[in-house]
Amino acid sequence: MLIDINAYVGHWPFMQLKYNTCEALGQRMDRFGVDVSLISNLNGIFYKNTQSANKELYEEIKASKRYRDRFVPFAVINPIYAGWQYDLEECVRKFGMKGIRVYPKYHDYEINDPSLIELVKKARDMNLPVAFNYKMVDSRQRSWMDIDYVAYTPRPEWTLKNIFPIIKEVPDARYMILNVTNSMQLNEADAALFNKANVLMDTSGRTLTDMGSLLKTQGKERFAFGTHSPILDYLTGMLRIEALRENEADAATKELLRSGNAKKFLGL
Amino acid sequence: MNIDRRKFVSRSFAGAAGILAGSHLKGLSAPGRLTAKQEEALSSKPEKYDLMREVMKYRKIDAHAHIYFADNSPREQLDFGERLGIEKQVISRYLSIMPGTPEQFREYNDLTIKAIKKYPDHLLGGFVLNPAYKKESLEEIKRCTDAGMIGPGELYYQVKINDPLYYPIIEKLIELKMIIFSHAECQLGVGGYRMKYNGYKEPNTSIPEDFVDIARRYPEGIFQYAHIGGGGDWEYMCKTLQHSPNVYVDTSGSNNAENMIDFAVELLGEDRLFFASDNSYHQSIGKILASNLTEAQKKKVFFDNYNNLLKKGGRNVD
Amino acid sequence: MKDVMKYRKIDAYGNAYADDKLAAGQIAYADRLGIERLILSVPVAKQMGKTPVEFKAYNDLVILAVKRYPHRLAGQLTLHPAYLKESLEEIKRCTGEGMTGMKLYNQFKINDPVVYPVIEQFIHYKMIIHVHGESQLGVGGYRMKYDVDNTPAISVPEDFMDIAKRYPEAMFQYAHIGGGGDWEYACKSFRGYPNIYVDTGGSNNDENMVDFAVENLGEDRVFFGCDSSFYQGVGKVLASGLTEIQKRKIFFDNYNNILKRSGCGLG
C-alpha cells in the first residue's frame, strides 16, 4: 500500500500546474499505484483568509465518495489572521481535516511568533500534526512576485535550523517536515532534541540523496513516501524508496516507508 | 478515515477522466456531486505500479554528471549508475568560482582522465577549459581528445558562451564534431537578466539569450544548454531556445518540477532533450518516467538523442 | 431599477453637509436610489474635533442639515472623550435635538478607558455607537512593520472586540467594511461578538463582500450604508446572493430595529 503524505490541489499563481484537482490527482494516484494522499489546498497559501481555501477543498472532496475514501485533507491555518481558532475547529469538526499546514514565510510571521506557538500547542492538545516545509518552489526560478528568500543571497532559503525553534518551543507536538531540500544540520544539542521529537519527513525533498544512510542516522520510523505533487514530479519521491537495496531497507522497512509510518503517525 | 483495502475496490479514478473535464479552469470550485451512475462507472483500485521495472527498462546515457576530488568519487556516482540502470555517465570536473588558469583546468581534467581510464565501461569524459587562455585551451582540447574524452564537459562561469573569446574554441569543437556544452542559468538578477534583482552570481554566467546568440552565429555547432532542472525558470529557457534548432537541453538538476519534461518536449521537440542528472540521480529519472512522453520518446531522451549526436564524431557508445 | 426601488432603505452611514447644493445633491441621490432615510454623521478628516468648540460646531452642522430635510435625515453627534464634562453636556443637547446615536472618529481608540463614560451614556440611551474602523497593514497597531504613517489611535477590529466584551450591553457599529480595509479580516474578527454591527459603506464594492459579512455575522448584524458612495452602496447589496428577506433586513429592518430601541424607529 502507498500513502502520499505531501500532495496538493489548487493553484500556484505564478505558473500553471497540471494534475491540480482531486480528479486529476486521483488519476495520477491510479496510474502510479498510490492508494491514499494527504492533500491541502495551495490557494490557502495566497488567500489572506485561508478558510476559503479549506472550504473549497472540503467542497471538492465532498463531491465524490472516491475522493472521501482516497484523500485525507489538511487545513491551511494562518495564526496571525483573524478568526483562525474558529477556523481550526470548523476544519476538524465539520470538514474532517486531519492535520494542519502552516506557511510562516508566505503568511509573514516568524517561527517563534507567539501566535504560532499558540496554534501548535492547540494542535498538540487536539492531537493534530502540524506540517512545515522547507520551501514550495526553488527560489532560483521564483517569480518576481514571489517571496524573496533566495539561495546564495544574504536572505537564503530555509534549512532545518529555521524550522527547529518551534519544535524546541513545543517539543511534545507532532510535526511533519516536508520537501526537505536544504541542510538538515543542527548543533549537537538541538540534533538530540530533534531526534527525540515526534517528526515525520517525506521523501520528496532533494536533500534525501543517500536514503540508506539517513534511515540509519534518523531512524526508519521518521520517513514516509511523499511527492510534493503537483509541484514536483510524481515519481521521484517514490524512487527514493524503491531504489533502496535490500541491505539498506528490507521488505518490512520499505513497507514502513510506503505506508506504515504514515498510518501510525496519523492514526489512520 | 478507515483504510480498508476492500473499500478501494470501486474507488478508483481510472476512467473518470472527462467526467469533470474543465473543472480546473474554475479554480477549485466544487464540481458538484457525482451521480450514482457516474460513481459506479469507475473502475477498480489502482494497480500496483512496478517503478523499478520501469526504471530498468530503458538504456540510459547521463549527458551531464560530475566527479569530485573526494575519496568517494567516482565510486558514489558509479553506485547510483548501477542502482538506477544508467549505462554511461558523461563526467567532468567543472571549474567553480575560480580564475580557471591552465594549471587549474589541466589538474581538473587529469582527474577525469584518471576516472575514465579506470572505469571505461561506465564513464565518458568531458574536458574543461578557459577560453581566456586560447593557446592553452586549444592544446588542452588536443591532449584530452587524445586521452579519449568525447568533448567538452560543463564549461563554466569564467566566460559567457557567446563571448568572442569563445569563437576559436567553438570553431575547433565544430571541426571535431563535438557537443558544445556549457553551464547556464535563468534566474532574476543573474548574468544580465533583470539585474534590479541581485542574484549574487558571477557576472559571466551564460543565460538562454547567450545561447540563442552563439547558436545563430554558428548554425553548424551543436550546443548543450545545461540542466533545465538546475533551479532556473525552465519555462523561460524553453521558450527562449525554441527557435534555435541547434541548441539541445539536458534535463539534469536537482529540480524535478512536474510537467517540465512535457513542456520541454512540447516546445523543443522530442529530439532536443538529453537525459542527465548533474548528480541528482533520483530526480533525473523520476521526472522523465512521470512525464506523459510515449515509450519511444522516453527512449530517445534517455539514450538515442545523445548517442545520435555522438555518432557524428564516431564517439557513440554502441 | 425596479429591483433598486423594491426595497425601503436606511443609509446607516451618511455625511452631513453645510452647503445647500451638496445637501440637495445628496437628497437627489437618495431619491434616485430610493433611500428613505440617511443617518448623518459629521464629515471625517485626518484631524477633527480637537476642542469642545469644534465638536459643537460639527454637531450644529448636523442639526442644521437635519432641520433642512427632517423627513429624510437623522443625525449622529460627535464629541471628544478627553473633554468629559463638555461631552456629556453635548450628548444631552444633541439627543434633545433628536439625534439618534454617536459617531466617533480617531481621537482615541474605542477601547481607551477615556471613552468608557461616554459608552456608558449610550448604553443608557439605548443608542448605537458608530466608530470609524480600519483594517489595513500598518495602521492602528496592526502589523506595524508595514507602517503607513496614519493616525495611531485609529480603531482596529481587535479594539472593537475588546470594548464589546467589556460592554456587552452596548451596541457598536464598525464603520464601512467597504472603506478600503480587509473586510474578510474585520468580519472574521467579529464573529463571536453579537453587539458589534457592521455597515457596508465605502467606495469599495468587492463582489462577495456582503455575502461574506452575512455568512460570518449573520443576517441581523449588517447594515446597508453608503458613506456617500451611493451606486456602490446599493449595487453591492443587490448583487449579493442574499434572499429578498435578507436584503430587506440589510437595507432597512436591521437598522430600524436599532432605532426602535431608543424610540426613534421609522414606521
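Observations on the structure shown:
We just call them A, B and C in the order they show up, numbering each chain from 1.
Assume a contact is a pair of C-beta atoms (placed from the backbone, for glycine too) under 8 Å apart; a residue touches a chain by one contact, two chains touch by 3 or more.
The shown structure was predicted, so the numbers you read here are calculated from the model rather than taken from an experiment.
With centres defined by CA atoms alone, the chain at the far end from chain B is C. Taking the mean of each chain's C-alpha atoms as its centre, the chain lying closest to the overall protein C-alpha centroid is A. Centroid to centroid, with C-alpha atoms defining each point, chain A and chain B lie 28 Å apart. In this assembly, the C-alpha centroid of chain B lies 63 Å from the C-alpha centroid of chain C. Separating the CA-averaged centres of chain A and chain C is a span of 44 Å. Those residues of chain A in touch with two or more other chains do not exist in this structure.
On chain A, the positions that touch chain C within their shared complex are 48-49, 51-52, 80-83, 86-87. Those residues of chain C that touch chain A in the shared complex are 143, 157, 182, 184-186, 188-189, 191-192, 216.
Those residues of chain B that touch chain A in the complex are listed here as 1-3, 5, 7-8, 11-14, 16-17, 19-20, 23-24, 27-34, 39, 42, 45-49, 51-52, 55, 83-84, 185-188, 194, 197-201, 230-235, 254-262, 280-283, 285-287, 289-291. Every residue of chain A that touches chain B in the complex is listed here, in rising order: 1, 3, 9-11, 15, 17-21, 23-24, 26-27, 29-36, 41, 43, 53, 56-57, 59-60, 62-66, 69-70, 72, 96, 98, 137-138, 140-142, 144, 150-154, 181, 206, 209, 229-240, 242-243, 245, 263, 268.
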